[in-house]
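Here's a structure for you.
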Amino acid sequence: MLGRLCDDLIGAGVHGLTPLGSTGEFAYLSFTQRRRVVEVAVQAARKRVPIVAGVASTTIADAVAQAREWQRLGCDGILAILEAYLPVADEGVYAYFEAIANAVSLPLVLYTNPNFQRSDLSLPVIERLSRIANVRYIKDASFNTGRLLSIMERVAGRVQVFAASSHIPACVMLIGGVGWMAGPACVAPRQSVALYELRRKGDWSAAMGLQRRLWSLNQAFAKYNLAACIKGGLELQGYAVGAPLPPQAPLSADGIEDVRRALAAIGAL
Amino acid sequence: MLGRLCDDLIGAGVHGLTPLGSTGEFAYLSFTQRRRVVEVAVQAARKRVPIVAGVASTTIADAVAQAREWQRLGCDGILAILEAYLPVADEGVYAYFEAIANAVSLPLVLYTNPNFQRSDLSLPVIERLSRIANVRYIKDASFNTGRLLSIMERVAGRVQVFAASSHIPACVMLIGGVGWMAGPACVAPRQSVALYELRRKGDWSAAMGLQRRLWSLNQAFAKYNLAACIKGGLELQGYAVGAPLPPQAPLSADGIEDVRRALAAIGAL
Amino acid sequence: MLGRLCDDLIGAGVHGLTPLGSTGEFAYLSFTQRRRVVEVAVQAARKRVPIVAGVASTTIADAVAQAREWQRLGCDGILAILEAYLPVADEGVYAYFEAIANAVSLPLVLYTNPNFQRSDLSLPVIERLSRIANVRYIKDASFNTGRLLSIMERVAGRVQVFAASSHIPACVMLIGGVGWMAGPACVAPRQSVALYELRRKGDWSAAMGLQRRLWSLNQAFAKYNLAACIKGGLELQGYAVGAPLPPQAPLSADGIEDVRRALAAIGAL
Amino acid sequence: MLGRLCDDLIGAGVHGLTPLGSTGEFAYLSFTQRRRVVEVAVQAARKRVPIVAGVASTTIADAVAQAREWQRLGCDGILAILEAYLPVADEGVYAYFEAIANAVSLPLVLYTNPNFQRSDLSLPVIERLSRIANVRYIKDASFNTGRLLSIMERVAGRVQVFAASSHIPACVMLIGGVGWMAGPACVAPRQSVALYELRRKGDWSAAMGLQRRLWSLNQAFAKYNLAACIKGGLELQGYAVGAPLPPQAPLSADGIEDVRRALAAIGAL
């Protein structure tokens, strides 16, 4: 099922795949399950597009072990996530991401999601990390688009920014973002690629027209449990992916209707 | 001093003036002081640009009294703000803004700033308020630019959106905003007008170039006390406006240097 | 009405009255209205118990003016509250309370309520303030009872602590608090005094028995708008105090039932 | 080392041991490491005191597997913790704890720590869970002591309450709590037992005297990373437990001094 989905997404033109992000339920999977997800994605991609797999842990040792294993399995990049239970100071945050970067030769995407993680990346830490050669991208899933512009100005020439589903991708691309790397794109791959192409042409008017139609999908993802949302949407598209892992609840009837409407409006059903 | 500042801003081409916003320290002024601020602004403007004055209170009765007085003094619009101490339910929030709208014949700008106010406007309340004839604009000072797009889609054709300093004005204009109404514009009027003109021409590339240079001013406003920041900036420009009202502290030496640099970089010193 | 209520409370044995606290809707009243409240309370008390009136403002100048006026009207103490719109640093917080203390010869109760105010008192600021001669008490309305013990240890011998309705009064008295100064006591004066008397005798077992019965009243105050709650309770007791000031809503039917049950259970109806 | 510590704690008179709580770094250990911790604790205790081991996961399946394994290893109770990444609704929270209770025959302690976990137990869920036969205790590590009294009233006769380090143990015992189950007790076992004995005798005055001296230890735990704090304290007492797992930082020099002073003041060094 995951293999077929990866294959279909590549067929729809996406420029990369990111297994084990927030929407991909990394936080609900054991190491063994995570490894299987990565293997399937790598095999399905057959090097047609890069695989950027999520590494997430509360400890440096475990994160480094994941990153090395994902590289060994053939991934092309690492999406690095710091989980925390007790608070971590800036020095610890830096040490965590630095250790992952040093453990692999792959490029890193820093990922911070202050809504779900108990740690965040401060601007000074991002600037320090941007000076590590293979720290190349950042995905900030706050709702604060202005913060992305502040990040861009501090790391210009070294690190590039991806939009998350909490941002308006067209806006992130206007201010200099290189794309969007987010759950909703998984059920709207053609439209997401089309948005990217309009941005490449600099046709901001057409891009905003498309963006406006796509936005209701982002709104659904903000309103409901991310994993329930993506699985509900994929089920509507014919992928029997089932429900999110308990005790998470499947998408409610209202949620299914919202997602169905959002997908239908953009021709993704 | 306020009169001269208003005159200079109009001379610099701004399309309106908003006395008694957050940066204008409304929350630190008595009714008598607020009335004097409005009088001075109205007289200085001599109908060359509209005056949209802030109305802010914890009670409906007081807000209505302010709004009526501002209309009597010759204002052209009302920036309506709900202060709260104890929590207010949606029904109360609606009743507050509805009462102000009904008390005057002027157009209203709804204003919500979840960072400083203890109340917020939910999307359902905004939608209900948008159906009142003279509720015409909204300024949302959250950091959540995506929320602005969600608002726009719900109130399209009835209410228009202004950017606050927490948003990137160029982004807000890209998604359909009609301008920006924010503290930093007060020390960068020419550049703010230039940004607006580039947006009107649809020259997004030039707009982003200018926006990028302007952004460090917004960053300073996010970092320091708003009132200290604007007063520090105005002092640098030769307006003897003094310090914010105690116990607020004046801008620190570091803050002055940040603002000076930001203003110098855009030719506003 | 307010005069009769003050008289009845004194008749019920309370050791003091605090007009213009949070429950007393200070944040919804003009200076003129606040002055009238103080006048009525002072006259009704006829020096039988001390009147400790609330002073609350965003500016030092206004707070000092209130404090001086309350002293002139015959108050016996000041409950000092810092309102804030933009953030205030520790130095400003200290300056605010210091200025009030210096403006009057009355003893001060510091009051901080992080749930409703946009400022808070840090432990270092409390310690500094405790060295001012007429800073004598503190009421901390957080939910953090442990913080009260930490405060007590830092200001022992200089400042004493009152319980707020968010704390369990019997616990605050066990750790060394001198009483409770809170909205619910206004509708349960006899029972509140009885609790205090049990504590004075050191009969903790009987105190907890009474405390347990009183707690459902505190729960109602935590669940509903404070002003709606107290006004609803007073109406049930035959005081025609009406509804909280709009846009605050009056107590819902469920709320009235909750308060009625809580009052009936302690014999306060 | 862990075995020796367990043995010493039992020798000091503690009434039970709780491996894999927050202070015990459960969130930083793999399943294999957690199992080893439980084994060592069970063997060291030799049935002299009950072992109540922590079960914590984001999924029901994993939590049930842990609980069954801890029972198989000879534990006497389960401390049940819900970790979350995406939000979980009340129904899911209930289902999680119910599944653990049904998977074992051991008594359960519900544990909620809103400061570190991304889920919390609402009062209605606690009440529902209290009706399951082997749900017998709750430890709420919020700072809200009043909430404990509200819980006690709703679950009286079915579930009993333990104090966490964020509460004042003497207060929790005054309102009806059965003890305290918290990190600091691990470095102050004799004094913690003495506090419990004073409570059993009903000597509240002596209990508060001791509590006051013990409080600076709780303050240190609130100020610094819990794991750094306990490991720093144990090192001072001669247990070579080392530093918390990276990227957590070891206790700073100031922290060590704070903990040393707190321990010395109660005769625990």
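As written, the chains take the letters A, B, C and D, and residue 1 is the first residue of each chain.
The rule we apply is simple: contacts are C-beta pairs under 8 Å (C-beta built on N, C-alpha and C of every residue); 3 or more make two chains touch, one makes a residue touch a chain.
The model shown is predicted, which means the values in this text are computed figures rather than measured ones.
Q: Compare the two sides of the chain A and chain D interface and say whether they are made mostly of the same residue numbers, over half shared, or of different ones.
A: Looking at both copies, the contact residues mostly coincide.
Q: Suppose chain centres are the mean of their C-alpha atoms. Which chain sits farthest from chain C?
A: Relative to chain C, the chain with the farthest C-alpha centre is A.
Q: Averaging only over C-alpha atoms, locate the centres of chain A and chain C and give their separation in whole Å.
A: 50
Q: How many angstrom lie between the CA centroids of chain A and chain B, rounded to a whole number?
A: 35
Q: If I count partner chains per residue in chain C, which residues reach a count of at least 2?
A: none
Q: Take each protein chain as a node, join two nodes whenever their chains touch, and name the resulting shape: line, ring, star, complete or other.
A: Ring.
Q: Can you work out from the touch definition every pair of chains that touches here?
A: Per the contact definition above, the touching pairs are A-B, A-D, B-C, C-D.
Q: Over in the complex, which chain D residues touch chain C? Could you list them?
A: My answer: residues 142-147, 149-150, 153, 166-168, 170-171, 174-176, 202, 204-205, 208, 211-212, 215-216, 218-219, 222.
Q: Can you name the residues of chain D that touch chain A in the complex?
A: The contact residues of chain D facing chain A are 22, 27-28, 30-31, 58-62, 82, 85-89, 91-93, 95-96, 99, 116-118, 225-227, 244-249.
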